[in-house]
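Look for subunit A in each of the two complexes below; its partner is subunit B in the first and subunit C in the second.
This part shows the complex of A and B:
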C-alpha cells in the first residue's frame, strides 16, 4: 500500500494564500531578475495575479479541490497580464482536471507534475534547457519519479522534488534563452537566473513545505 | 469577407495599427483591435481578446495579428475555447503585426479568401524594405 496524505480544499486554500504572500513578498526580486533579461514585469504581474487569487478565494468555500484550483487558474489567466498568466493559468487549469479530492499519493503528485509540464509545453512550445519555468518544473517532476522508483517515503520524495526544483532554477543562470522575451537578448541572456524558473521554484517550495508540515 | 483582429501589448499600437490598416480598406472589412491590460498598462487582457473574438464576424474567417509572447499565447489559448468548426476559421498569422494588418486588410477588402490571405501575408515580401 502506498503512502497517502489527506489534502482538503481548506488546506489547498491555505497553500494558495501562502503562495500569494511569497510572490507578493518577492515582487521586487522577480522584477529585478526580469529587468536583467526581459521586460521587468514578472514580479509585478505575478503579484497582481496572486493578490487577486487571494481576494477571490479567501472568503469563499469550495465544493471540492478541483473547483478551487479552477478558480485560481481562471483568475490568473484573466489578471496576470504577461505570458506567465496563460502559462500558469493553463498549468493550474490542467491540475484542476485531475486533482484528487482528498487522498494524495506519490502517483497523484507525479500526475499533477506531468499535466503541468504538458500544459506549459503546449502553449509555450519550450523544452528543458531553454531558460524557462520548465527548467525548474521538469527536474522537480523527474525527482518525484526517481523517488518512487527508489521507494522513498512521500516526505523524502517531496523534499527531493523541492531540491531538484532549486537546482534547476539555479542551473538557468548560464543558459542561453531561446524562448520568451529574453531570447531577443541572445548571448546577453547568459549569466542571469530566469525569473519564470524562479517563480516556479517559489511556488513548488511553498507547496512542498506546506505539505510536509501537514505530515508532521 | 475575412475579418481582422489585431492584438498588441500596447493599446496605442493596437489602435494605431487598426487606424493605419483602415486607410487601405476598399470594402467593408471588420477590423477589431485589442491592446494593453485591463488597467491600460503594457500587456494583454485575455478577457478582452475573448470578447473581441466572440463578437467579430467569423463567417468567412478571421486573421489574427499579434505582437509578442503573451499576446500569442493568449490567442492560442482562447482559440482553443471555440468549437472545432469555428476554430479552424481563426488563423493566427505568422506575420509582423503592422505590415500583416495592412496587407490583410487590402486583400480581405477585395474579397480574397482566408487561406490565400494567410499565405500572402506570411510571405517575406510583406516585410521587404530594401528595394
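This part shows the complex of A and C:
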C-alpha cells in the first residue's frame, strides 16, 4: 500500500477546532461518566483545555504541522490540569516531534499512534486492560498495523482504526480500574465506561472522519 | 442547582485566592496570572516548601502558607491538580538558593503535574526534590493500584517539614523529615452527605438518607464501602480500627490525633468523635501527645470527617511543637 494523503496545517487546524467542538459538546457526558468512577471533572477539564486550544490556534498561522501541534500540546499542559492535562499534552507533544509536513501514509499514522502510546505509558505507567485511555488507543493503533499487513486501503485502515477504538472504549465497562482515580474504588469501578477512554475515542473519531472526508 | 455563595463557577478559584491574600495582606501575596499564594517575605535563606492541589480543600493548601510551614501553595481548579507552569512559577518565586521541596498528595494528576514542574525547574538549575504523601488506609497499596491516596495527613508533613526547613536544615534533611512523617501517618475518612462542585448540577455521588460512605477520598469520589448510617462511636471505631491495624502501634506509643471535618460537619460532631477516639486510644495504651480538632483538609460542603494518627518520636514531637504563625497548627 503506497497510498498517501496530503494533510496541511490548515487541515490540522480544522481538525483541532472540530475536536474542541466535540469535546465541548460532550462536556456533560464525559463529566457524568467521571462522576460514576472518578471526581466528575473530566468533561469540564477537557472542555476548558480545548476551548483554549481553539482560541489559540484559530487566528494564528503556523510555520508547519509540528509548530501547530506543539502549540496545542503546550496549551493543554498549561490549562487542563488533573491527569488528562499531562497525558494528552505529552501525547500531542510527542506527535509534534514526528508529524510529517505534507504526505501521510499508513506508516505515518502507525508511527503517530506508537509515539502517543509511548508518551502516555511513560507518564501514566499503565497497560492495556487497566480501564484507561490506552484501552481505546492501543487497539486503534493495532488495527492500523493489522490493516497494513492485510494490505487494506488507507480509507479502510482508518475506518478499522475508528472501529477498534470504539470497541476498546466499550470494553472498559466491565474492567476493574487499577490506574488513575477510578482505581481507588476497587471492585466498584466495574460496570462503568472509562471517561478517559471515551474522550480518546471522541478525538480519534473526529480525526478519522475528517481525514476520510478529505480523501473523498 | 444547589445554592452556593459564588458569582460564577469559572471564577471561584481566582476570586477565592484574591480573598485569601486580602485577609492577610502583610503576610501573603498572589502571583500575577497564576493561582499561587506565596509568603510576602519569600524567598528566604532556607529550603523552600511548595505544595498544592485542587481547590475545594480549604484551608488546604493556601491556609498553610506562613512561617514554619509552606512558602507557596499552588491552587488548581476545583478538585483538579494545578498545571506544571503554575507550579514552576511557584518554585522559581520561593527558591532562595537552598532548594525547594514539593509536597504532593498521591493523586495521579497531582503527581504527574508536580513531576513535570520539577523537571522544568531542574532544567533551569534549581535544586528540587519531592515527596508523595499516601496516608489513606482506605485504598489498597499493591502492585496493581496507583497506591494509597494522600489526604489530611499531608498537613502534618507541611508542619514537620516546615519546622525542619525553618531550623536551617538542608534539602535532603527536610525531605528525610517529610518521609519520616509519611511512613508514620495514617488516615481514613467517611461521608454522610456528598459534595457538589460549583460547576456541576449533581452531587459527586448519591447517598440515600440512611446511608453513609466509608473510605472516601477528598475529591468527592465515592468511598470504598457503603453502609447504613451508624452512631458516631461506631464510625470512629471503624476508622480507627482500620488505621490501628495498618501500622504497628505498641503500648506506650505517643501520637498526634487529628479529627478533620470535611467541610459540612459541625464542630459539635467532630468533638463527639474526638471523645471516642481518645477512649479507643486509651484502651490500646496509646497516648495522645497533641490533639487537633477542626477543618484542615475539606471537600467543599461534604458532611463527614477523617481521622489521622501520626506516630511520634522525639524528633517529630519537637518539630510538631516548633513555632508557626498558622493558628490551626500551633
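Everything that follows uses one rule, which is that the second predicted complex is superposed on the first by the 215 of 216 C-alpha atoms of A that agree within 3 Å, B and C clash if a C-alpha of one lies under 4 Å from a C-alpha of the other, contacts with A are read in each partner's own complex, and residues count from 1 in each chain.
Keep this in mind: a contact is a pair of C-beta atoms (placed from the backbone, for glycine too) under 8 Å apart; a residue touches a chain by one contact, two chains touch by 3 or more.
Fair warning: this is a prediction, and the values are worked out from it, not measured in the lab.
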Exercise. State whether subunit B and subunit C clash or fit side by side on subunit A once the two structures are superposed.
Key: clash
Quiz item: Does the superposition put A:86 against subunit B (first), subunit C (second), both, or neither?
Solution: both
Quiz item: Touching A:41, do we find subunit B (first), subunit C (second), both, or neither?
Solution: both
Quiz item: Of the two partner chains, subunit B (first) and subunit C (second), which one does A:108 touch, if any: first, second, both, or neither?
Solution: neither
Quiz item: Looking at the overlay, does A:78 come into contact with subunit B only (first), subunit C only (second), both, or neither?
Solution: both
Quiz item: Should A:31 be classified as contacting the first partner (subunit B), the second (subunit C), both, or neither?
Solution: second
Quiz prompt | Superposed model, subunit A: greater residue contact from subunit B or subunit C | solution = C
Exercise. Quick one: classify A:181 as touching subunit B (first), subunit C (second), both or neither.
Key: both
Quiz item: First (subunit B), second (subunit C), both or neither: which does A:64 touch?
Solution: neither
Quiz item: Clash with subunit B: which of subunit C's stretches 1-9, 181-189, 199-207 or 235-243?
Solution: 181-189
Self-check item: Shared subunit A surface residues [contacts with subunit B and with subunit C]
Solution: 39, 41, 45, 77-79, 81-87, 123-124, 180-181
Self-check item: subunit B residues within the subunit A interface of the complex
Solution: 37-38, 41-47, 68-70, 73-74, 76-77
Quiz item: Which residues of subunit A touch subunit B in the complex?
Solution: 39, 41, 45, 77-79, 81-87, 89-90, 123-124, 180-181
Practice problem: Within their complex, state which residues of subunit A touch subunit C. | Solution: 31-32, 35, 37-41, 44-45, 48, 77-87, 123-124, 178-181, 183-186, 188
Practice problem: Would you mind writing out the residues of subunit C in touch with subunit A in their complex? | Solution: 54, 76-86, 107-109, 112-113, 116, 138-140, 144-146, 149, 197, 199-200, 202, 204-205, 217, 219-222, 224
